[in-house]
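Here's a structure for you.
Each chain gets a letter, A, B, C and D, in the order it is written, and its residues are counted from 1.
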């Protein structure tokens, strides 16, 4: 889905994230599909399914590959791999064509390239999460001892300090960082099962090749997961947790910034076309928006668990519509969080305010 | 959200729709925002808030406007209107600046431009819906009398004809066309309330200007709906109904195309990178995917009904993340439906199959 | 789904609504299924499919029916109708058994009884909606002229009056009342199509009986809608709009009740087990909760539009899990709204507060 | 939410699970809340906040407690704890009242009792999951070597064996069992933070009492998680995975049971009120329904991550509306899975069917 409204510049990067989007973009993703195909060709030679010479021809073609009309192929086939493989083969003498993709299937290529993409994205997101945690800690250093009225159920509860609130912000983020390490272990596996998810079909070499490709790509082999989408769900779950915790921070900031409450002062902040005096907590609001968006997408991604038979075109494509958008939203939310937290000029109950009863 | 995975060419137009996306794109949308601003300037002159000469200067600047860095503005302000207005004013002598946007607010501009966009999109979608209905009717003419076993709860039920199935496809689509006319009436209204949704603030001229702008844009005036998002929900509801009914067709086609069932033959169809004999019902599957996607988005869009106070930045932006994507998905689903239905070479229980008991 | 946590008394009626639940309860629903069966038996006699005498026997059995083990039947058949029909037939001499249900199917009974249920529920909900609107109007009479700072994007915007806020609460509710009338027209139709949704199968009398039943039940006949679930979606959409608008009110009230803002004073309100000084805006919070719950359910109900072939057991049952809960949640939200609005002791910017710049 | 339609006997246990529901029911849950209160009273004495004698009085009252009108209390306070505490105190001499609940807050009681509930539920569900896995393995023993055509994208792909399909069913279930062990570790912690989630407020004894209570309840202490709902999300995620994998099995079974495909024969199965010859795969369909239901609920539960300030009444209650229903739906899905798998009389491509090309 293009969603040109939020991605064509009108809203800047308020609701998008160019760096994360770039990892899912055609150029980067085709690069990762080619890494798979190169490793597969290598494996075919190692397993003596094809000659070293044919493999060398094929590898040269893979290396030279500079784009093809994958869009037309996808419009016809529902995914870009058949067109990619055909384009590679067109560059080869008849005899060498077997050195490309033989025994592999589109899902092997796309799922494995998707894993490589997700691992890179996870790196980018955890780097940002590190910085967001650091920003919370910097605030705690500066303002932790200041008084801040604790509020429960939208009502003033008891006197407390800024540290109580900041610790409630920081704690889940640190836990999400630890969860990211477990997630990485769960995610990191090639998905290679050949056409029907059986490594001995259509030929015994698929299993051996799978092992070689896994090693070449630096990923564990693990069992086939063609119709078990728990890994994709685990990533979605983590993205939901992260944006959820950031949405909590965004909501808190927006509440603290209200006139009459005045528990936070942000430098910068959004201007109004009608009211020059206003300082809208734009990024804090976007954190709430993105959290609600990602939360809901997880409920849609989860529909893709119902993956009929040996491969569901319908369920699989639902992952493509949701997960990349969730990852990008998480990237944007982390960016906003870092910006908001870094722009805090003051935090805590304003002087002269009575403590709650 | 960019979702580069599904919008950067890798998947062609399987999961996107360039024509619908174009209506939400910056160029088209800025054009509609400028139509609002031009009508507002005109109204300011008509109401004698500004002189005819100042208005003429402003209108010339609006006409000349050839883009500005709205992205940077949106990153700062959360929406592009403050930067747009500032860019227009920069082109004007000090005295004439009041002839731009005075008394209007960002939400007036964006909501009204969004209504214009949605009405255009609704036109495009109903045109396609017309063609899909025609395609179903053409099938009924060709194959309606052929036998087709009715199936309930995934089990053969009773002998019937192809007409029974096709009529169940056609009937809701025709009803959705009728609903589109009611939706158009509901959607078609400017949203003008000034900064706080009160037409008498910040000045009495807002109410008069609102009437002039509505007339100039060819939209009814109606009451302010700044914090009542029922109209956006109504559009989302219609998109959900349309894609839902198309998803039902796609599911039926995929079930009919199964080996052993063989109730439909499609010409064309998707190729496999591993199995040359396969003809995957790619577009039918995509119709299911897009239906599930849009269905879920409606549950997220609905969260935006909780629109606090006089304007919620967080709730409002949730509409921007969901509605344009839903409209685009509906466009893609209609395109696929027309293609699938036009590619039917045969429909009905294959000869030599026993009727159910 | 039982959800014993929220329905077994632990939370009173905070998150449930006994009066609405009662309409969906076995006793009430079986009563409506029996109304269908009685009308059908009558129609069979009128159409001369069975003798008047056999019909009289059958009607007597239907009238006498005092419950049967429908649960066991549903566990076996997935719905209660086969067991209900069998129980009725067991009371009849062999010859008269044809006077019960002949030509009808389970879906005819359940969908039509569901329509009757939904219309009754709609009456209950619109009565409450009337009272909520009256409560808003009463507040406007008492407090409309008081000053209230308008707030946009969680920031003080401009001075305004309580009337501005109350009018934004009232306007969508009044519109929802008007929409309820349209919804009633859309909902009000029997669903009678016989086993495969074709009124001429298994016998021509089904079409004639359908007309008689419609008249007897006081519902229009209309076309078959066995696999077109748009009507159920329309009800869900209306429930989502109503709870959404109430959620907005609840959110506003919770924000107004904050210490430091103090724009509303509620009498009564929730106690805390730890902090005796607190007055939690419990019902206002519940309005937000219920709105988010119903919003999300609409995205699940919408998945049921993908209703394969002539009847989908899987999609149909998804309606049963969502719609009754959505209706009940709406009932609870309306109840809370009336209570909250009736408990307002004061509304408006507190004296001595500076107006925004 | 009551959802009387699916829980009042009309549908038997098709869409509910009495055993799981019983764990969330008032009696069971009040029992767990009393375990908390008893442990807290003990801790107060151990920490010398109250005398041993007062504690003994309080413990006797807790032990004697035989129900109170918690519903009325919840209607007023939004949760049952204030009424429960008041009822306990009413049984005590004035001086001993401090031995009940002092320093604890409603959230401590409810969250901790919910953890105990969830751990018990997890036990029940994993026992059932064990049996479902055993049922798949029994099928593999009986039918694994039989031919079954692999199907991808709803099209016959390559010849394979039943073992391929069954292994794809079994593998994720075994993984979910392993995930249950990790989930248990994540879930198992008391939630004790006192009124504002700070263990040193309102008094230093809260922290010490928290440790004693954790030990008494056999749960780790861990940090406060009053506003970090990741644990509840983790449970929801696991329920979504389990029902998703079961939904895949249900969908596969329904597809295999189609006439023309005939890859599975189930003994028993649902009857039709209109067509005596039909055997509807009722439980398989219910597995799909429940999977889609739980999937969507996770997207709603996730909205509860946005938990403002030190306690959000609105977000918290959203957990209560979703999680217990998700757990119950998972229980029902596991029950159906065991029944379906145990009723398989035959599985595999029927004799005399041509293998795909």
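Assume contacts are C-beta pairs under 8 Å (C-beta built on N, C-alpha and C of every residue); 3 or more make two chains touch, one makes a residue touch a chain.
Since we're looking at a predicted model, the values are computed, not measured.
Participant: In terms of C-beta pairs in contact, which of A-B and A-D ranks higher?
Facilitator: A-B
Participant: If every chain is reduced to the average of its C-alpha atoms, which one ends up farthest from chain B?
Facilitator: The chain farthest from chain B, judged by C-alpha centres, is D.
Participant: Approximately how many whole Å separate the CA-defined centres of chain A and chain D?
Facilitator: 28
Participant: Would you give the residues of chain C that are in contact with at least 2 other chains, written as numbers and ranges?
Facilitator: 78, 151-154, 157-158, 195, 202, 254-255, 270, 272, 275, 280-282, 285, 288, 292, 296-297, 299-300, 303, 312-313, in rising order.
Participant: Of all residues in chain A, which touch chain D in the complex?
Facilitator: Residues 78, 150-154, 157-158, 160, 164-165, 168, 171-172, 175-176, 182, 195-198, 201-202, 223-230, 233-234, 237, 240-241, 243-245, 247-248, 251-252, 255, 288, 291-292, 294-300, 302-303, 305-313.
Participant: Which part of chain D faces chain C closely enough to touch in the complex?
Facilitator: 1-18, 21-27, 29-30, 70-82, 85, 101, 103-106, 109, 194-195, 202, 250, 254, 268, 270-275, 280-282, 285-286, 288-289, 292-293, 296-297, 299-300, 303, 312-315, 317-318, 320-322, 324-325, 328-329
Participant: Going by the contact rule set out above, which residues of chain C touch chain A in the complex?
Facilitator: Going through chain C, the ones touching chain A are 149, 151-158, 254-255, 257-262, 270, 272, 275, 277-282, 285, 296, 299-300, 303, 353, 356-357.
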